[in-house]
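In the two complexes below, chain A is the common chain; its partner is chain B in one and chain C in the other.
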Partner chain A sequence: MKMEADLIAGFKEKTNKMLGFYTEDAKLSKSYIAVAFIALLVGGFLGLLQGLNRAGLLELPTWFNYYQVLTAHGLLLILVLTAFFTIGYFYAALSHNLGGLLPKVRKLAWIGFYVKLVGFVLAVIPILMNEASVMYTFYPPMAAHPVFYIGLALIVVGVWLCCIGAFIQVANWRKNHKGQHVPILSYFATGVFVLLFFALMFVAVEVLFMIIPWVFGWVDTINVMVARTLFWAFGHTLVNIWYLTAVSAWYVVVPKIIGGKRWSDLLTRVVVIALVIMNITGGFHHQIIDPGINAVVKFMHVFMSLAIGFPSLMTAFALFAVFERTARRKGGKGLIGWWKKMPWGDVRFLAPFIAMLSFIPAGAGGIAQSTNQLDQVVHNTMWIVGHFHLTLGMSVVMTFFGISYWLVPFISNRVLTPQINRLGVIQTWIWTIGMICMSGAMHYVGLLGSPRRTSYTTYGDHATALGWDPYLMLLAVGGTLLIVGVILQVYAVFNMMFFAPKGETEFPIAEEEDNATKTPYLTERWGIWIVVMLIVVAMAYVIPLTEFIVNAPPGSPPFKTW
Partner chain B sequence: MASTKVTHKGKKQEQEAPLKGTWISVTVVGLVIVATYIVLYGLYMARI
Partner chain C sequence: MNQSFYGLLLWIFLVAPPVANFMESVMVIHMHMQMPMLVIAGMLMARFFQKRFSGFFEIWNSNGVPGITLFIVIMVYWMLPRTMDEALTSHLVEGFKFISLPFLAGISLRDSWKKLNSFGKNSIIISFTVLFLGLGWLYIWSPVQLCNNYLVFQQVTLGWGFLTTSIGMVVYLGYNFFIDPSAYE
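Our next item is the complex of A and B:
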């Protein structure tokens, strides 16, 4: 009996390996994805509280006020959800593409997992104690409890460990596959981890060498301009790391799901390289209204920010081309009639497709905001919050949702049932309507002057502020729909993880077109691209940072503004 | 042989498949960007 059981187990293991499924690696990704969706659930509820408060429908108690909720909401959704999902997803890809994770890589990822968890717990405790209501941007001179920053530092270390693990995994594969291109999804993973590795350096310097000595009282003041600049060199890159993660699924996974092929391997890799090189330098457009930065530097940063639009437009063309070509092969006709041939009933396509569509207004808003004068219309208003929810809450998160409907069954050795697919389609529409209501209301009320990062107030019943109320009510309606979407999504994920029928699920990776041109090996020369990236970063940051340090404004002591 | 010819013809047709729908879609993307820019520019000019 034992021999028979061993034989069956051995056969299963061999079959799994042929399918690119490795049990130990799957457990790792499953843990990361589980944490991501728990963060979505908790962060989503906190978002609902904020929405109801902003509409004047709910007064939050003093022991759990608006700014605490806002900080926790940001931390859970912007850091926990995205970091854990991105790492879980790309580690699943590295395992599947590159013949299973090396034991030391898996170990690094597990250590990173626990270091990040400890970091998040440390960051959350002072928030709950109302000692860290500094929001996720933690701009000095607002100062939180030191434990909050120690938690952030541990998160950075945890993510770095995962970056190093990914680099070891890819380097090992390249050593054993000389002259070959790294499989495309692992190529995206490489780009994402390169960006994470370098972008985190900026925030690490800010937290470790500026903020921690300042909040412990080892130094009296902080250079606010340098701190803000370091934050946004990281923060802006983080936004584009989410975007690049979503784009990886758009280029590689979605074509397979619709029964098509990838558009162009070369174009895809060029897009990854372009986003890696040009990303970090976009940080200054978040500070475009800040004083103390000269116009020439601002102009250069506007140019660098807008340059990211170029690979995005290449992506738009490539994806529409894949859709049209696939639809026409399936018999689609007419100028736009071929759209009918898309698998609208498949949540694995529907969710990322709506995510892509939402990136059109999201990207357009981003382009406009990057312009100095136009940003003055919307800066620090609810427009920015709307833009952020459109980019992260729709373009990125809906893609993550779409990914979950095949990734979670894959790593759980289960299948996507028609019932969960139907639930996913319903969830997708609820999320879409909710986000259009909420984000649309935020955009519009922002144009009317409603400020961001402010709890509900009528400013002494001022007519202008009272005029915002109908839109804030729509915001609350959207937020309420979104929490329904959150509950359905979290239910679907944990159902697929633990309760769906056992079975094999494919890891969908589209092949290249039959007549595809050969991609030059130059795209694999990461050494060159990283040097170019560092040169571009130096061009963008050396002069302004030197100016901020040499002609430093008066430093600021810490303030607790809440 | 006949099937080979059909395959070849099919491939030729695939290669020559027009991407007019793609161009229309990308044009819509461009128009959204331009429209957003113009609206905000208009608001900026109206408010200064």
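Our next item is the complex of A and C:
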């Protein structure tokens, strides 16, 4: 009897390996994804509170005020949700692509998991105590309780461990597969972890060597401009890491789901390399309004920022090429008639597709904001919040949602049922309408001058401020729809994780087209691309940083503005 | 042919007075952006000259050593503070800059690099790393103004430009030294 059970277990293990499924690794990814979606649930509710407050519908109590809610909302959604999802997703890809995680890599990822959780708990305590209402950034001269920064530093360490694990995994695979290209999804993972690794260095320097000594009182003042610059070198890169994660699914997974093939392997890899090289320097366009950077340098950075738009245009071209080719192969006709052949009823396609579409206005808004004169109008307004929700809340997160409908069943050894698929389609439309209302209202009310980072006020019933109210109401309507979307999504994820029928789900990875040209091996030489990246970073940062340090003002003591 | 044409376009763009004036207005952009870009323009144009005068390169630069020597001489010459100053004051010297960097340094670098063995290549990179570290040290800690045309502050910025570039080169050398490509490829 026992022998039979062993035999069945052994057989199951073998089939799983054939499918690229490794039980231990799946448990790891499942834990990461579960944390990500719990963060979505809590963070989403906090977002709703903010939206209702901004519309003047809800007065938050003094013991849990608007700025506390904002800080927690930001921390949960832009740090926890994104980091945990990205790592869970890419570790699943590394495991599936590269023959299972090495035991030491898995261990590193688990240690990273717990270090991040401990860091997160440490960061949340001062927020709940209203000691860290700094709106989730490391942005002097506002200073939070030291424990908040220690918690964030631990999150950084946790992510670093996952980066190192990924590097070990990829290097090991390459040693055993000489001369081969790293499978495409793992290639994206490598790019993302390289970016994370270097971007985190900036923020680590800021937090460890500048902010922590300052909040503990070991030094009296901080160089605000240097700190902000280091913050954005990290912050902007982080934003693009989410984007690159979403892009990986657009290039690799979506073509498979629609029954097509990947369009160009070389183009895909060049896009990854270009984003890795040019990303960190983009941080400066977040500082266009900052004093202390002269116009010449700001002008130079317009080029550096717009350069990042170029790979995105390549992406748009490649993806629409895939769509059209696939649809025509299926019998689609006409200039735009082929659209009818796309699988609109499949949430695994619909969600990422709408996410892609939303990136067109989102990217255009980003280009507007990195232009000096245009940014002067919108920089401190709700426009920026709208932009952020359109890019992260739609382009990135909707792709993550789309991924969850096959990734969660895959790592849980279950299947996506037609009911959950239908639920997903409904969720996608609710989310789309909600986000269009909310982000659209934010953009517009921002143009009318409504400031960001501010709780509801009518400025003594000033006529201009009262004129914002209808838009703020629309914002709250959007926010309410979004929370419905959050609940449906979280329900779907946990249903697929624990209750859906057992079965095998495929990890969808599209193949290259038949007549594809061979990709040159140069794309695998990460050492060279990292050196190029470092030199580009030096080009961008040496001039302003030297100026901030050599001609430094007296510096600022910590401020508690709340 | 195509890349030679783009090289020519880049060269014309760099020489155009508004671009040149802008790039020369900041010391570090002058030395670390304009000058390397001129060399790159020359490297792109090199293909045209290699095809046109293949015999010349074969006779005079068969092992790459004469070419790389010329490259080093030109590069070191333009790293002297005095020469940069002169390029800003005298049109003749400025003209020499626009010609020497692409046509003497850029072309000879492209023609020589592939002909050098790995020892030669590494020695060149190591010597430039050392040179950059030295110049970085000089420009950052020099108590006096080294260029009449630039403030001491600009000089410090250039010094950091040298140091960060040399860090990039050290990383590259480390990568070359510690990572054996044959283990992966």
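Keep in mind that, in the parts below, the second predicted complex is superposed on the first by the 561 of 562 C-alpha atoms of A that agree within 3 Å, B and C clash if a C-alpha of one lies under 4 Å from a C-alpha of the other, contacts with A are read in each partner's own complex, and residues count from 1 in each chain.
In this text, a residue touches a chain if its C-beta (ideal position, glycine included) is under 8 Å from a C-beta of that chain, and two chains touch if they have at least 3 such contacts.
What you see is a predicted model, and the numbers here were worked out from it, not measured in a lab.
K.L.:
Scan A:Gly365 for contacts with chain B and chain C and give back first, second, both or neither.
P.N.:
A:Gly365 contacts chain B only, not chain C.
K.L.:
Is A:Lys178 contacted by the first partner chain B, the second partner chain C, both or neither?
P.N.:
Only chain C; A:Lys178 stays clear of chain B.
K.L.:
Between chain B (first) and chain C (second), which does A:Val378 come into contact with in this model arrangement: first, second, both, or neither?
P.N.:
In the superposition, A:Val378 contacts chain B only.
K.L.:
Decide which partner touches more residues of chain A, taking chain B and chain C as the two options.
P.N.:
Higher number of touched chain A residues: B.
K.L.:
Looking at A:Phe320, would you say it contacts chain B, chain C, both, or neither? Reply first, second, both or neither.
P.N.:
In the superposition, A:Phe320 touches chain B alone.
K.L.:
Is A:Arg328 touching anything from chain B or chain C once the two structures are fitted on A? First, second, both or neither.
P.N.:
first
K.L.:
Does the superposition put A:Val550 against chain B (first), chain C (second), both, or neither?
P.N.:
second
K.L.:
Touching chain A in the complex: which residues of chain C?
P.N.:
Per the stated touch rule, the residues are 22, 25-26, 28-29, 32-33, 153, 156-157, 160-161, 164-165, 167-169, 171-172, 175-176, 179, 183-185.
K.L.:
Touching residues of chain B toward chain A in the complex: what are they?
P.N.:
Counting only chain B, the residues touching chain A are 11, 14-15, 17, 19-22, 24-26, 28-29, 32-33, 35-37, 40-41, 43-44, 47.
K.L.:
Under the touch definition given earlier, write down the residues of chain A that touch chain B in their complex.
P.N.:
Result: residues 313, 316-317, 320-321, 323-325, 328-329, 334-336, 338-339, 360-361, 363-365, 367-368, 371, 373-374, 376-378, 447, 514-515 of chain A touch chain B.
K.L.:
Going by the contact rule set out above, which residues of chain A touch chain C in the complex?
P.N.:
Within the complex, chain A contacts chain C at residues 171, 174-175, 178-179, 296, 521, 524, 527-528, 530-531, 534-535, 538-539, 541-543, 545-547, 550-551.
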